Amino acid sequence: MLLRSLLAAVVTTIALAAPSLAQQSGRELYERRCASCHGPDGAGREGLGPSLTGAGAAAADYQLRTGRMPLQNPQAQAVRKPSVFSEEETRLLVSFVASLGEGPPIPSVDPGAGDLSSGQSLFIANCAACHGAGGNGGAVGNNAAAPSLYASEPQTMAEAMVSGPGQMPVFGFSEQERNDIIAFISYLQTSEAPGGIDIGGTGPVPEGFVGWFFGLTGLVMVLVLLVGTGSSRAR
Amino acid sequence: MIRYVESRLGLDSWGRRALRKVFPDHWSFLIGEIALFCFIILVATGTFLTLFYRPDAAVVTYEGPYEPLRGQEVSAAFDSVMRLSFEVRAGLVMRQIHHWAALVFVASTVVHMCRVFFTGAFRRPRELNWIVGFTMLMLALGLGFTGYSLPDDLLSGTGLRIGYSALISIPFAGPYIASLAFGGEFPTENVISRLFVLHVMLLPGLTIALLGAHLAILWRQKHTQYRGPGRSESNVVGKGLWPYQALLSLGVMALTAAVLALMGGLVQINPIWLYGPFDATTVSAPSQPDWYMGWLDGATRLFPPWEPTVFGVTIPSMFLPAVLLPGLFFTVVALWPFIERRLTNDAAEHHLLDSPRDEPGRTALGVAGLLFFTVLTLAGGNDLIALTLDIQVESMTRFFRLAMFVVPPVGGALAYRICRQLRDSREHPLGRGSGVVLRRTEQGGFEEVPRS
Amino acid sequence: MKAERVVRGCFALSLAASVGLSLVYLAGGSRAWEGVLLAAALGGIAVGFILWATRLIDAPDNVEERREQKPGEGLGLISEVLEQSVTGVSRRKVLAGLASGAAASLGAALAIPSLSLGPQPGRSLFRTLWVPGIPAVDSEGGRVRPEDVPLSGIITVFPQGSEGAGDSQAVLLRVAPDLLSLPEARASWAPQGCLAYSKICTHAGCPVGLYRAQARELLCPCHQSTFDVLTGAAPVFGPAVRPLPQLPLAVDEDGYLVAQGDFSGPVGPSFWNVTQ
């Protein structure tokens, strides 16, 4: 962790000191890893990858940090996986994509400054329709799914809100609103379910399964075993 | 004590006969008892909940210990359920037991009805009791729907809204019925208090009355029984009420309560704090009703975009799957004893039960009906299945649209064949231990010979 | 006698669990322990009684004869009694008719108060609170300019003064204007690519809160009706038939969004005389 932040600090210093150099190696990395789908100049390629002009640092940082890019199959929905880039490579790529055109910068985020209650109501009003009231994710049709939020970090969640990755809309929240929402999601991530085992946290469907296959089936099985029939006990 | 009552009421001869009343000794007769005991547990826990619940749509500020909602404006009803869940000692466990009991209550009622259906126990003279039982199932569904809506949370509010849309879809009368039921155009403030009266007074009262009738008719007509040695149409063989059946039933009651208590204590159900208070402008996904309404939700999901106009009257796309379909399905279920009597011309009294294999036609129909119900129920969770299996929701819907027409007849035909084959084979599970088997005689008839 | 020892153990366990349950209550309560101890207390009794009945009681099979329920035996007597006493009634056809008429009218008269349960729907299903020139505001009441809505963004708006109104809620979206292919008559309804549609699904009335920004489709999470934003919210999948009614928008001289009038059709789920 210490090493990582130290490295980050070094990289930042280098990037600040020699922006042209950083951009240079960012471009090289881009051409090697991204250009096959997004085009050599970031203009995108029909059917492979969208234009990155104006995508902004937030979108690039989100996609790379959550491992969604690079994507093996351009037709599939990008899902979270371990990032293939080092912290330094990520920074280089992000600053290169940001230089392609004006787009949302990486938002600053401070969940500690967020208000839980405001976050809950903003979450329900804006996020729950796709990610579910408990943040467990959901299918949104057309081969897309809103991911579960239980693995998400504050930084990438804020980036998703401002950049609208994939089918997600862009949300024009204020910084305070973003902090509120992220504070609420962090609360969900860290707090225990007050009612016990949360069986997936997606409401009546798993509840019905448990009611049938644990509740009633369990009861009937005990009866079959203990009571059976008069003749089954006699034998 | 018993002597005291005996001498005052003069029940000794009735009581002596009652204590010797015969109950067939078979576990499948206890499923109806599970339903009965679930209902008793529902009344007990429900009474506890009622002491804390406020059927009031007035807006209050939530000030309880659940941090993410503190300071938000909620209805007094929602607030009271939150207080019950987080501040009342044993409140949450009671609420969860109540909700689990509701799910298991309807489930055990359905299984009990299936037992009665597949064994032909509904035949004369028990058609009346079938109707009484069926009416109780309808009341159970009503109790479930009204109870689900009382916390006034976002999920249940969405359910109410769909209920409103189903009502308004009825041709001509729809807008009037919906307006009368909800006290105006959805959302209204009247609904909660109306549902409360239905849920804690009217529907349970009717259920208790019918339960009494159900048991009285059962007592009067005596139990059916499976075939077996010494069992005939004119007797009942089994164990006496006292002490065997009484202790057993007490045990089943405690068992039902124990399983529900375990679930209520350990498994979270209906976390209204996550859904938050009802707000007509928001929705969370996935959005589903409790399981026993899931098949109607599934039917509406599968229904094609079809809204024909017949003589200037629009038939909304909600009407067929959400009003007409359950109407027809339930009518057939309710009238089944009479329909079967028509079909088979069998007006005789029956006290010996069929094995499902003995009536392949009935069994096939029942299997097809259950499969239809199952496909629709699964379709009600199509988005969750799609997410779990990583399949497009739209493909799921198309698959279920097909399955709805293919699975029931195929399953029914399969059941029919299996029944026929089992029936033709000599091994009969209910004949086990009967001591006699049938053997064909040289003259072409049958004779009973002792089992070797 | 093994069974008897098990039964004894069950009851003892139940007793202990009940004591434990009381202690948990007194100590302030704990959901999980309450559930587990209650289950143990009941479960002990359950298994105890079931085993007692099935393993310890040597109850012989009793045989109870059924009384034949010949039609006309028990029932016949009652109906005969009824018939005898009713002859005085059934002969007086006019009286009987009048009596049943009176009873029926009384029933109808008593049913009329049920009409006070709700107002006549009237035309209210065809109207919302949007009127020409009324500003569109967000849920906090703040007025909205086109540039307040991010491209690929979605917010919920209401007519000013009726924030939170169930029937008037609308989703406000902004797309690049050159992508739009609205019906010709609606060409002026989407200033700077700002589109507003009723948020109430035309199928079952759920809020259409799910926006697939890349596909520019609105989806209702209740039954997956899907609407194409660019073509006037025409349904493209699911059970909905009618498009989401569109709210004609305009920009006033201060640069804020206002409505040109009410929605393009009745909002919410269909009913028998809904206009397509």
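Order of writing sets the chain letters: A, B and C. Residues in each chain are counted from 1.
Here is the rule we use: a contact is a pair of C-beta atoms (placed from the backbone, for glycine too) under 8 Å apart; a residue touches a chain by one contact, two chains touch by 3 or more.
Bear in mind that the values here come from a model prediction, so they are computed numbers and not experimental data.
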item	value
Centrality ranking, top chain (CA atoms only)	C
Selected interface, A-C versus A-B, where C-beta contact pairs are more numerous	A-B
Averaged-CA centre spacing for the pair chain C and chain B, given as whole angstrom	19
Rounded Å distance between chain A and chain B, as computed from the means of their C-alpha atoms	40
Whole-Å gap between the CA centroids of chain A and chain C	32
Contacts with 2+ other chains: residues of chain C	31-32, 35, 47, 50-51, 54, 61, 139, 156, 207, 209-210, 221, 224, 237
Junction residues of chain B, two or more chains touched	25, 92, 96, 238-239, 248, 252, 255, 259, 263, 265-266, 279, 281-287, 383, 393-394
Interface hub residues of chain A, defined as touching at least two other chains	125, 128-130, 138, 140-142, 194-196, 227, 230
In the complex with chain B, residue positions of chain A that touch it	116-117, 119-121, 124-125, 128-130, 132-134, 137-143, 145, 184, 187, 193-199, 201-205, 207-208, 210-212, 214-216, 218-220, 222-224, 227-231, 235
Chain B-facing residues of chain C, complex	25, 28-29, 31-36, 38-43, 45-54, 57, 59, 61-66, 68-69, 114-115, 117-121, 124-125, 139, 156, 164, 166-167, 169, 199, 203-207, 209-210, 220-225, 235, 237-242, 268-274, 276
Contacting residues of chain A [partner chain C, same complex]	125, 128-130, 138, 140-142, 144, 164, 166-172, 194-196, 226-227, 230, 233
Chain B to chain C touching residues, read off their complex	20-22, 25, 89-90, 92-93, 96-97, 125, 158, 161-162, 164-166, 168-172, 174-176, 178-187, 190, 221-222, 230, 233-240, 243-245, 247-248, 250-255, 257-259, 261-266, 279-287, 297, 300-307, 309, 312-318, 321-322, 349, 351, 382-383, 393-394, 397
Residue numbers on chain B that touch chain A, as the complex places them	25-27, 30-31, 34, 66-72, 85-86, 92, 96, 99-100, 103-104, 107-108, 111, 154-155, 228, 238-239, 248, 252, 255-256, 259-260, 263, 265-271, 273-276, 279, 281-291, 294, 377, 380-381, 383-384, 386-387, 390, 392-394, 432-433
